[in-house]
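Scrolling down, you'll hit the structures one after another.
Shared between the two complexes below is subunit A, which pairs with subunit B and subunit C, respectively.
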Partner chain A sequence: MKKNKNIMAIILAVALSFLVPSIVKNYYWLGIFNLILMYSILGLSLNLIFGFTNLLSVGHAAFYGIGAYTTAILLTRYNFSFFPALILSGLVAVFFSLILSISTSRVRGDYFTVITIVFGEIFRLVMQNWVSFSNGAVGIVGIPAPQFFSWRIISEKDFYFLGLVIFWFTYITLNLLVNSKFGRAFIAIREDELAASAMGVHTVMYKILSFSIGVFYAGLAGSYYAVYNTAIAPSSFTLDESCLIIIMIVLGGIGNLTATIPGVIIMLVATEAFRPLYHYRLLMIGLIMVVLLVRYPYGILGIFNKITSMRKKYIYRKV
Partner chain B sequence: MTLLRAEEIDKKFGGIHAVRNLNVSVDNGEIVGMIGPNGSGKTTFLNILSGIYRTDTGKVSFKNEDITKLPLHCIVEKGIARTFQNLRIFRNITVLENVLIGRHHLIKNSLLNVFFNPPLSRKIEKSAYLKAIEILELVNLEKQKNELARNLPYGKQRLLEIARALMAEPNLLLLDEPTAGMNPTEADALCDFLKELKAKNFALFVIEHNMKAIMSISDRIIVLNAGTKLKEGIPKDIQRDKQVQEIYLGKED
Partner chain C sequence: MFTEVLIVGLSLGAIYALIAIGYSMVYGILKLMNFAHGDVYAFGSFICYMLLVKYNFNPILSIIIAMIIGGLLASIVEILAYRPLRAPEYRNISMISALGVAYIIQNTSENIWSRQVHFFPSIVSNPFVSIFGIKVPTTQYLTLGIVILVVGGLNLFLKHHKIGKAILCASQDIPAASLMGIPINRTISIVYLLGGMLGVIGGVLYASSYNVLSISMGFSGTIVAFEASVFGGIGSINGALLGALILGLLHSLVGFYISTAYRDVITFAILIIVLLVRPKGILGRYVEEKV
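Up next, the complex of A and B:
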């Protein structure tokens, strides 16, 4: 019964989300919606890695960058069409994530985090300096618009639909994953690695699995970014970008997929809203974060939990 | 039939000789208790049986199969499940999810099913869910199934850990001080529950400090002192034994 309700809610949300462009005509706002979709994909994927499996990866921007560069190079130099390039971008990102996660499978906790930071910086520096391959700091420009049969994806509205499809794909498949035995194994690793292992979870393998699945979606987001922006440069995939994604999921709620989305929306809308303040913008965003996290340490998810528990108390009092 | 046989188990940590040349066997449907003063190597021995530590010499065999060198996560597949002395439940998830993780290796689901055949995947998960409810009813936790594990009272958390181990459908259950932190009523209830498990043909290996409990449930008791086996026998004999009284109470002048 409850499951059916959830499915109905998702179908409703999907239907409503496709109606957005017929209400929001302003291209500036549609552009923000597109960013929200892209960062939601990144946030969801990092939430799987960090929120569920407790692998704090600060190199997420690098995998997103790998996806972006793969699409850019395939589209500009090898005349690939977009769809195969999209899937390949995810797979190439997974390939690099496997190198990273297999070689660090014995490294735990904070040390893993440090290694991901280093990986992110290596990626950025290689892209900046390997001019013959990546065109250096200038980056790759003139990435052609993707095309599906007769649908040429070129306007903000078209990109909204494209982003939406990738977003719902990510959201639904990740939800299926975390509600299966695999998701529970990830959570068990987060909660207590030794106990998880004693219950038969191959912790090394599941950590690698979680990391590579998460990275696949980051690769998709990167691919989307490349065609949306039509130009990419190493400066888009910095440590700051990785941190921004972490902030978004912490603000939303760690270990809850749906909570990622409000976190992303708050960060991006705040960035836009405080644009007139120039440099002081970051100060304001910092202030919002401090206030929110002091008041609700579990993020926006905490607010919802508080409301439901308050409602429960109220019902009990009535009874 | 002998279920578990540990032969010549020996374990050193640097200069400390934790377990010395220990031989233990557990038969089908038998409750074997292990007692001994603090630091006598009981938990170390249990950790060796469950694969957390590896023995320096000797071997552990289960159902006539050598499991000495198996990694930790494979032990449970063979049919040995355990609980921990200092409670290792998954605190921030619900009671139901806790128990479901215990069934990890028995849920035959694959990533392909999860992503490409969700109905089948859900059907497989559903059967695990039904089993979980069954086990929770057995330990009287089904009403709290949606409660976060950390919000349960201590005695119930202990039960939850046993329920999680039972979900793996083991032949042998290793319990490390199951009544620790329980009041006498809870401890009695737990003893009754363990006897019920024995009646269902589970074999149990129990480490315990609560003498009343261990004497009432065990078929056989092993007394450990400074890593060596001091005595082995039925509870009555152990209670009367002079040497055992000495290590617990000191020598009479």
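Up next, the complex of A and C:
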């Protein structure tokens, strides 16, 4: 019964989300919606890695960047069409995550975080300095608009639909994943890695799996970003960007996919709303983060659970 | 030339050590990656800059005032933003709150001192000395001397002073330490105070040996502190010292002989290799996980 209800809710949400551009005509707001969609994809994928498997990756922006660079290079230099490039972007990101996994399978906990930070920095520095490949700090410009049969994706509205398709694909597949056998294994690792391995969960394999699946979606988001922005530069894939994605999912509430979306919306709307306060923007964002998290460590999800008094259901405690 | 590069590298490593030790101590006690560490020391260095340049204070006095302000700032941050999230299940969340604090401090100092790069005057009058025919800036010898003093003093303090012993106990096991009557909150505040003060010395020495000071030093300082403490084995003071010296040597040698652009890439790659061979850092001991 509850499952049917959830499916109905998702179908309703999908239908409603496709109607948005016929209500919102303003291109400024549509642009913000597009950013929300893109960061939601990034947030959802990182939530799988961090929120469900407890692998704090601070290099998500690098994988997002790998996706963006793959699409940009394939589209501008090899005349690929967009959809093969989109899939390849995800796969290239997965390839790099597997290389990284060779090292991460040996280290654990905070040392994993260190390696992801270092990887993110290496990616950014190489892209900045390898001018013949990535055009250095200037980046790659003039990425052509994607074409899907006769549909040329060029306006904000078209990109909204494209982003929406990728977003729903991410949301639904990730929801199916976390409710499957794999998702339960991830959660077991999050709760207690040692206990999980004692119960027969192959922790190394599942950690690599969770990491590479999450990274695949980051590659898709990067590919979307490349065609949406038509220009990419290493300065978009910094450590700050990785931190921003983590902030979004923590504000939303870690370990819950749906909660990621309000977190993303809050951060992006706050960024936009504090734009007039230009000089104090970062200060306001920092204050919101600290005050909210000190009061509600589980973010929006924590507030929501308090209101609906379902707290017991989601809180997990470790001794 | 090699000797000069070596000495520059060692003194750079010594500066890194001052920043990394505070960072590593905090990690050792709370297992918290303090993302705000770099911004605290940058803030303190700016205070020192303001006192030196605007109000013409004596260098030693201004460093001491800056150290006190930096240390106090670090412990205030601890009380407001980290203490409420100290429970083990909020460990990852307190890291994000640390990031929020980093944003707040960074933005505040940006609004006070602007984002541009400032010229920081040298704190010593005689810029170069030559010892055994090797001509090296005085600040670099000064830095090495200060680091030896500080690390030696810190080791003595931790082994023999009551508060130092309390810090060591708390870093082994907080609940057990508090059961033995150690005031945990006060001990942790002292760790933050020490970490902030050491960081400010490092920041001022860096600024005065390279004559530059900017806001972006904060975040890069956090990364350097992080890298250095991981190299040596995070959580131990001597590990942080060793890691920082290695990192300083690597930065100056790679920057001089190979390429400045790829300096960080190469050091990061070496860091990954070190972690592959010794997953807990060079001096880190493998602790068997208990259930």
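Going forward, the second predicted complex is superposed on the first by the 309 of 319 C-alpha atoms of A that agree within 3 Å, B and C clash if a C-alpha of one lies under 4 Å from a C-alpha of the other, contacts with A are read in each partner's own complex, and residues count from 1 in each chain.
The working rule: contacts are C-beta pairs under 8 Å (C-beta built on N, C-alpha and C of every residue); 3 or more make two chains touch, one makes a residue touch a chain.
Computed from a prediction, not measured in an experiment: that's the story for all the values here.
Taken together in the superposed arrangement on subunit A, subunit B and subunit C fit without clashing. Legend: residue contacts after superposition of the two complexes on their common chain; A:Leu19 is shown touching neither subunit B nor subunit C.
When the two structures are aligned on the shared chain, A:Leu283 is found in touch with subunit C, with no touch to subunit B.
By the touch criterion stated above, A:Ala185 is placed in contact with subunit B alone, subunit C being left untouched. In the superposed pair of complexes, A:Leu177 makes contact with subunit B only, with no contact to subunit C.
Between subunit B and subunit C, C touches the greater number of residues of subunit A. In the superposed model, A:Leu125 lies in contact with subunit C only, and not with subunit B. Here the vertex is the CA centre of subunit A, and the angle it makes with the centres of subunit B and subunit C is 80 degrees, a multiple of 10. In the superposition on chain A, A:Leu194 makes contact with both subunit B and subunit C.
In the superposition on chain A, A:Leu56 contacts subunit C only, with no contact to subunit B. For the pair subunit B and subunit C, the least inter-chain C-alpha distance in the overlaid model is 7 Å.
In the three-chain superposition model, subunit A touches both subunit B and subunit C at residues 194-195. Taken together, the subunit C residues at the contact with subunit A in this complex read 31, 33, 35, 80-81, 84-85, 88-90, 92-93, 95-97, 99-104, 106-108, 110-111, 219, 223, 226-227, 230, 234, 261-262, 264-265, 268-269, 271-272, 275-276, 279-280, 289, 291. Remark: subunit A residues 50, 54, 56, 103, 106-108, 110-111, 113-115, 117-119, 121-122, 125-126, 128-129, 194-195, 239, 243, 246-247, 250, 254, 279-283, 285-290, 293-294, 297, 316-318 touch subunit C in the complex. Partner subunit B is touched in their complex by these residues of subunit A: 173, 176-177, 179-182, 184-185, 187-188, 191-192, 194-203, 209, 255. Only residues 50-52, 72-77, 81-82, 84, 88-93, 97, 100-105, 107, 109, 111, 114-115, 118, 121, 125, 128, 164, 168 of subunit B touch subunit A when the two sit together in their complex.
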